[in-house]
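A, B, C, D and E are the chain letters, set down in written order, and residue numbers restart from 1 in every chain.
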Amino acid sequence: MAGLIVRRVFQLVLLLIGISFIVFMSMHIAPGDPASIIGGPTATQEDVEAIRENLGLNEPLLTQYFDYLRGIFTGDLGFSYQTKQAVSEAIIDRFPNTLNLAIASIIVAIVIGVTTGIISALKHNTWFDGLSTVIALGGISIPNFWLGAILILIFAVNLQWFPVGGLTEPFWTIEGMKQLALPAITLGTGSAAMIARMSRSAMLEVIRADYVRTARAKGVREKSVIMMHCLRNAMIPVITVIGLNFGFLLGGTIITESVFAINGVGRLMIESIAARDFPMVQGSVLLVATLFVLVNLIVDIVYAFIDPRISYE
Amino acid sequence: MAVDEQVLYSVKNVKKHFPIKGGLLQRVKSHVKAVDGITLDIYKGETLGVVGESGCGKSTLGRTILGLESLTEGELVFNGNNISKYSARQLKPFKKEMQMIFQDPYASLNPKQRIGDALEEALIIHTDLPARERREKVVKLLNEVGLKEDHYERYPHEFSGGQRQRIGIARAISINPSFIVCDEPVSALDVSVQAQVIKLLKDLQEKHALTYLFVSHDLGVVRHLCNRVLVMYLGQMVELAPVEKLYENPTHPYTEALLSAIPRPAVGRKRERIRLTGDLPSPSNPPTGCPFHTRCPIAKDHCATEKPAWRQIDDGHFIACHER
Amino acid sequence: MSTEVVTQQLPAHKKKKEFALLKTWKRLIKNKMAIVGLAIIALQLFMALAAPVIVGVDPNKQNLELSELPIGTEGHVLGTDNYGRDIWSRIVYGARISLFVGIGAVSLGLVGGVILGLLSGYYRRLDGIIMRFVDLMFAFPGILLAMLVIAILGTSLVNVVIAISIWSIPTCARIVRGSVLSIKKQEYIIAMKSLGASDLRIMFKHVLPNCAAPIIVFATMRMATAILSTASLSFLGLGAQPPTPEWGAMIAAGQEYMWTSPHMIVVPGIAIMLVVFAFNVVGDALRDALDQGMSLDK
Amino acid sequence: MKDTVLEVTNLVTKFKSADGLLPAVRGASFSVKKGETLCIVGESGCGKSITALSIMGLLPSNGKITDGSISFNNQNLASMSPKEMQKLRGNDVSMIFQEPMTALNPVFTVGFQIREPLMIHQKLSKKQAHARGIELLKMVGIPSPAERMNQFPHELSGGMRQRVMIAIALSCNPSLLIADEPTTALDVTIQAQIIDLLNDLKEQLDMSMIMITHDMGVVAEIADRVIVMYAGEVIEEGRVEEIFENPQHPYTKGLLSSVPNVDDPDFELKPIAGSMPMLNEKISGCRFHPRCPYAFEKCFSESPKTFSVTDKQNVRCWLQEEVGQNGGRRASSL
Amino acid sequence: LTGCSSSSSSGGSAGDAKQELTYATTSKVVGLSPILTNDSVSSTVIEQIYETLFVRDNKGEIVPHLAESYENPDENTWVIKLKKDIKFHDGTPFNAESVKYTFDKLKDPATAAPRASLLAPVSSIEVQDEHTVVLKTEKPYGPMLAALTHSNAAIVSPTADKKQDLMKDPVGTGPFKFSEKVNGDDIVLVKNEDYWQKPAKLEKITFTVVPEVSTAISMLQTGKVQLIDALAPELMPRLEKIKNVETQKVDGTPVYYLAFNMEKAPMNDLKFRQAVSQAINREGYLKKLNGLGVYSNSFIGPEVFGHPKDDKGPKFDQEKAKELVKASGFDKKEVKMLVANTASYMNMAEVIQAQLKEVGIPAKIETLEWGTYLDVSKTGDFDITIAGWSNVTGDGSELLFPRLHSANIDATNLSRYKDAELDKLIEQSRSVVDQEQRQEILTKADEYVMTQLPVLPIYHGIASAAYDKSVKGFKMEPTGQWSLYSVHRE
């Protein structure tokens, strides 16, 4: 396991270099020029040219890239073209919000998803199964902006149980929980739907395995038969999906962040791509990549923990 | 039954140690020495029985020989080819020659595959029979092991334990290999079907000069089927002899104990077995000297310190014991 | 001799392999839900193919005077949108693109994802490389990808399918890999190795069917997100451009009107849900049908 | 007269299949008394395991008991609620399954799986259960049991898994033990040890046992009574001596004569010709008649009645009728 | 001499309502330096912190603000007298030196100011004395005063600019001063107690980012936000239903128009352009805008200096359009309509596309993401595009010059229009200093544009805002800007 972790860290370094190069190249291949965006539609050619010069965009591509890379190795992610803010600072400003939201919504997703998934599997082909299927499919077909808006209308505007938007407190405070409730549900719904369907199908795969029969023969209560003996064996795809969704959530989710006015990484990334704010895009992509590698590492460790036959040696 | 003295498979000082992991970081704590230095020549056309206490490494030996477990140490020479370091591609022609009947038939069948397809697999891989002939062949195989054509469409979970075991056998023999490791192939069969299957195996052997490595706990079956018998204890060889010599003249104290414990199918004749007392040795921490000394009724002091040499005591009869 | 006795019973080989397929199909259509699902899919396909026959109205015909009419208005069963276009006809015409994109992107993504997932799960050596590549795909921002596709490939609908499928690959790959990691250690896979089956064969014939369940779930659920994400791509300029009717775009356009004319979102939303529902139940039923044991306890 | 622990009457268990409901067990009746060991023998696939699973109420999802009753200590198991059943299982009735690899949960340690019934039924703490688990493993002859507690099933040898299964089944001192081929993967020394263990428990706790096995040696050693099944039916029943010394049904005779004799190197194996019918095969009359060397017209058309040979030995075979009429010459000519 | 030129009404009777206000924008503030930013959100904040030398008053007249007065000794010289005793928030005195510093910095190419062009005609800035600054131009520059009202020409504290990053830490002379940045992007301003006029009534204002307008409205409804602006037509029905909210609409300076690519056929054919112009029912479209647009058949809008009084432009006439299409021999080739992916532009495009189809002009919409659009539109890779110009200075020259003068082809002149006559008119309008004369020239130029039709104005914008009823004294300017100086809450 220690070997696995060391290997992953090494791979991460290579990955970051690779992805920074690819993102760098993509930003330059894709049309759009940071200078003319900063200049705006009113800027004259001279204005734009001055901005280009100022941002160092007239240097050869590779020089620009290696300058950037050198920066990374000294721990400097550069400055935003647009706001002149340090990229690391901008990210540190926003990441806690995204993290809070991600944790809250993955909890919502797991609780709702896994429970309904299990119950539907147990009640395979009953009304509950049908209903939960329909709800799950609704959950994945409903656009987040709409779900969010409806939740705001009902719970924030009419009932006033929760604030309309904004995220200023950490999730463990009461205020923070209130602020997180609606966005977490909005965001968790899609993941919950996927997790529910995944757990249901995985449970159906194992529910008639011989070892489940053995558990029953031992007189294990039906609840633990399901929760321990079946679930643990059905867990692999479910964990995969949870890990994936958590990864996505950590990478920020543009729509929910927008609807609930949460200042997160997703919006940062979108805004900086729109502004062709290259250092900011790089910074957030590198963050997201690191998070993904991290989450996937954890998922891999959990795999081995769940299924002792899995090993990475 | 005269044994052709041509070596088919030569196993040289084979070892297989499994790591035991523990702790949060899954560090390797110790090793189970499942197979610990087996050197053996298997002759063409013979049936070599392997018997021994449960957990002594018989299955592991069989699997290692077939390359299903990586070698910790040692060499495998098949038909003069040292295959221990062959790549998967180099091994492919040998795979056709070597087959295995698994101890656990249910686990070794793909739950999502119909039995007929499972049996056709081997034919598809190693022959280029057209579909129709393959099916014919499979149906014939099913019949040979006492199943019916209707079983073709069934999935593994719809069979009884014995039926699955027979499917495992059918699969192993389907491509006419020259060497089969049979890991308790008839343990789940009632005696009548067992007799039928054993006959089948024997017929095949006669027809195709098949070689078997026959792992079994049923000493009756071993006596009827095998030419030579290897007795293992704790991953090591303790006695190897032609079948009659072993049954008539068991020399190693463990073999004696083993033979004495055979249950007889007659009422009232309780077995008068030699009861082994003493500590059960652990394979992760095997006793020094003779592995059997902790339970051996005739052990002397030096048995605990010196490892007994592998020596011949009679024509083709080898043992590893200080005292006999 | 025993074998002779039994061989006499050998009947002629009437049963063909197709028989099994037929059986699966029969089992499939025994499932009521599956029939509903198949019917919906058939209907949608029919809608897509025969749109001009089904609706007489031009889906792009505007009438600013009659905009945002509610559901059930005379002449406009499903109401009109903000330009007074008939929503029903837009739904019918939209089926074309949405189904094409949904099915196309998901199947393409599946192919890529399954191959990557199988390889990395099965070969430990490839695992690091492939999974880090997958991480890279995860981290690569979707819009940037769309912008790249536009820049390099242009803006056709096929490229939408490509963009969305590229986006599905990493998820699919991770799902497959996870299952493969555990399946490849099963005894029956070892048994196949001992039979001398090639790795490819083991992967596709033995490992893959055993991780079919999560793949089916993934694929059917992805259908929804794929159709929805077409909208954001056309917003970026990739794929169907307004006024081409397309469900995802209809929903996106309805966003501004959700307070005043929610039917502009609800109607295409339900259309998407129906497709996803249909594919889901068929997927479910298919898995059950392939898996004897389950289907028997109906 | 000892009490009857288990009374199975006219048990019919069917499987749903593409061809409709197919009976795997066709009206089996038998009983087990307190402290008694009943052995079930019969051809592979004849329905032994399914009978056992029917008793436990653990049939596969496509199987169903369609007829008959099972009463355990005068309670009808078939009509019990799942909750009551759960309390009974593992505690009063426990079962050793035929295939230990698949029957053990691959993702839990051996220790976890042994502790579980102890903690549920005997309310032991985890620590106590662990200690007891080690004791149980030692009892079934597993070396270094404390270490094994932390290993996973796939790290054990076939025989060890089987012994773990046995240990689990014995953990709560059941009053009825159903053992489905419990010693197939064990070498004879350990097998003997296990049989001694079972016999001890039988004596100490008055445990009753249903043992399914192919090993006639084991039957001879452990059984009080034996039933012989063929194609889902009980075709012969009797005390162990009667079955071994005076088998009546042609199938039983065939079975006994196929046992390989260890002591005779020149013994020739004599399998019963033919193979068992499939569940969906329609066979009129006696289901054994296609393979029976003595079959006559009546066997082809009518299902045989049960004939009593002695007060304990019953046989379902028309030959018995002939014995009555013709002095039993044909039957004893073997 | 503490220049008490305005605000004598409404005493301190603010009641006991908390004098705080939160304003929600849809995108973040890029930065708080007037020199380095050029986006509307940043300028809203900048407006509260900094001040310009001149401002437009309620009637649209340009009046001195930080300036005391000005004079033109000759057409190329602007002598501007500054108000005295004004201090920046950091205590630095406001004087001619700071004006020179600011303007020099704005013009310096090394600064790379996005709106450096604003003062491009200014060749030198000289300090005459402590409170007099002289701007010199090469050629006469008519819109000078208008340019000086632009928030990009706001005066910054030279000491602060040398010491710190004004983007993050702004220092101006305005009624509010920067307090802190919270939650990443939200900006908090507090009252400047030492303001050179009467201090503002509001104690604290917060600029918060709420990307989704409908969320912002919900926040307005629940009282978490008190002010939003730049309303979209679709939202009006909802806003009007909310009880505690008031809306304000003011005719504005922006213009939204179609630009024809004059370098390509058939757009270079006047008949075709006329056909398009008559095919589009602009008045009909305005109805869809729920009052957030003004119809005016002129390029220079009603609120912009230079707006012509008479209507000389083409009228909606479908039949005529069809005839013209036929007459022009238009070959039914699909016309590529380039649209940036802004909701309002895309809406417009869809309606126009449908109406063009009615008269037999097939048009294909091509949506482009904003950054891409900027690039592509400048290279002229389109037939027709939808564009807008929010005229912050409110001067017609500032619309015609960038948008239609041939010098700006490849930059802001999206129509790629090159017409010597119009060029001359535009140049005149820029070089004449006399405002009445300029009005005439601009009117003439506009009429010329409306007959040549390199562009077709669709509608002129309306500056709009919605605010909580407790907010009093809020006044929207036609440019869409507003000051919170005289606002208070009740």
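Note that in this section a residue touches a chain if its C-beta (ideal position, glycine included) is under 8 Å from a C-beta of that chain, and two chains touch if they have at least 3 such contacts.
As the structure is a computational prediction, the values presented were derived from the model and not from experiment.
Counting only chains that touch, the fewest steps needed to get from chain A to chain E is 1.
Taking B-C and B-D together, the pair of chains sharing more C-beta contacts is B-D.
Comparing mean CA positions across the assembly, the chain most remote from chain B is E.
Distance from chain D peaks, on a Cα-centroid basis, for E.
Averaged C-alpha coordinates put the centre of chain C at 49 Å from the centre of chain D.
A separation of 89 Å divides the Cα centre of chain B from that of chain E.
Distance between chain centres (mean CA atoms), chain A to chain D: 55 Å. Chain geometry summary: the mean Cα position of chain A and that of chain C are 22 Å apart.
Among the residues of chain A, those touching two or more other chains are numbered 30-32, 145, 149, 208, 210, 274, 307, 309.
Shared contact sites, meaning residues of chain C that touch two or more other chains, fall at 2, 6, 23, 143, 147, 150, 185-187, 258-259, 293-294.
The multi-chain contact residues of chain E, meaning those touching 2 or more other chains, are 214, 369, 372.
Residue ranges of chain A in contact with chain D, taken from their complex: 208-211, 213-222, 228-229, 232-233, 306-309. For chain A in complex with chain C, the touching residues are 7, 11-12, 14-15, 18-19, 22-23, 26-27, 29-32, 125, 130, 133-134, 137-138, 140-143, 145-146, 149, 190, 193-194, 197-198, 201-202, 204-205, 208, 236-237, 239-241, 243-244, 247-248, 251, 269-270, 273-274, 281, 285-286, 288-289, 292-293, 296, 299, 303, 307, 309-310, 312.
Contact residues of chain B toward chain D in the complex are 18, 20, 22, 32, 51-60, 103-107, 143, 146-148, 150-151, 157-163, 165-166, 183-184, 187-196, 198-199, 217-221, 223-224, 243-244, 247, 257-258, 261-271, 273, 276, 280-285. The touching residues of chain E, counted against chain C in their complex, run 214, 232, 234-235, 237-238, 284-285, 287-288, 341, 343, 346-347, 349-351, 353-355, 357, 364-369, 372. Of all residues in chain C, those touching chain E in their complex are 60-62, 64, 67, 82-83, 143, 147, 150, 155, 234-237, 241-243, 256-260.
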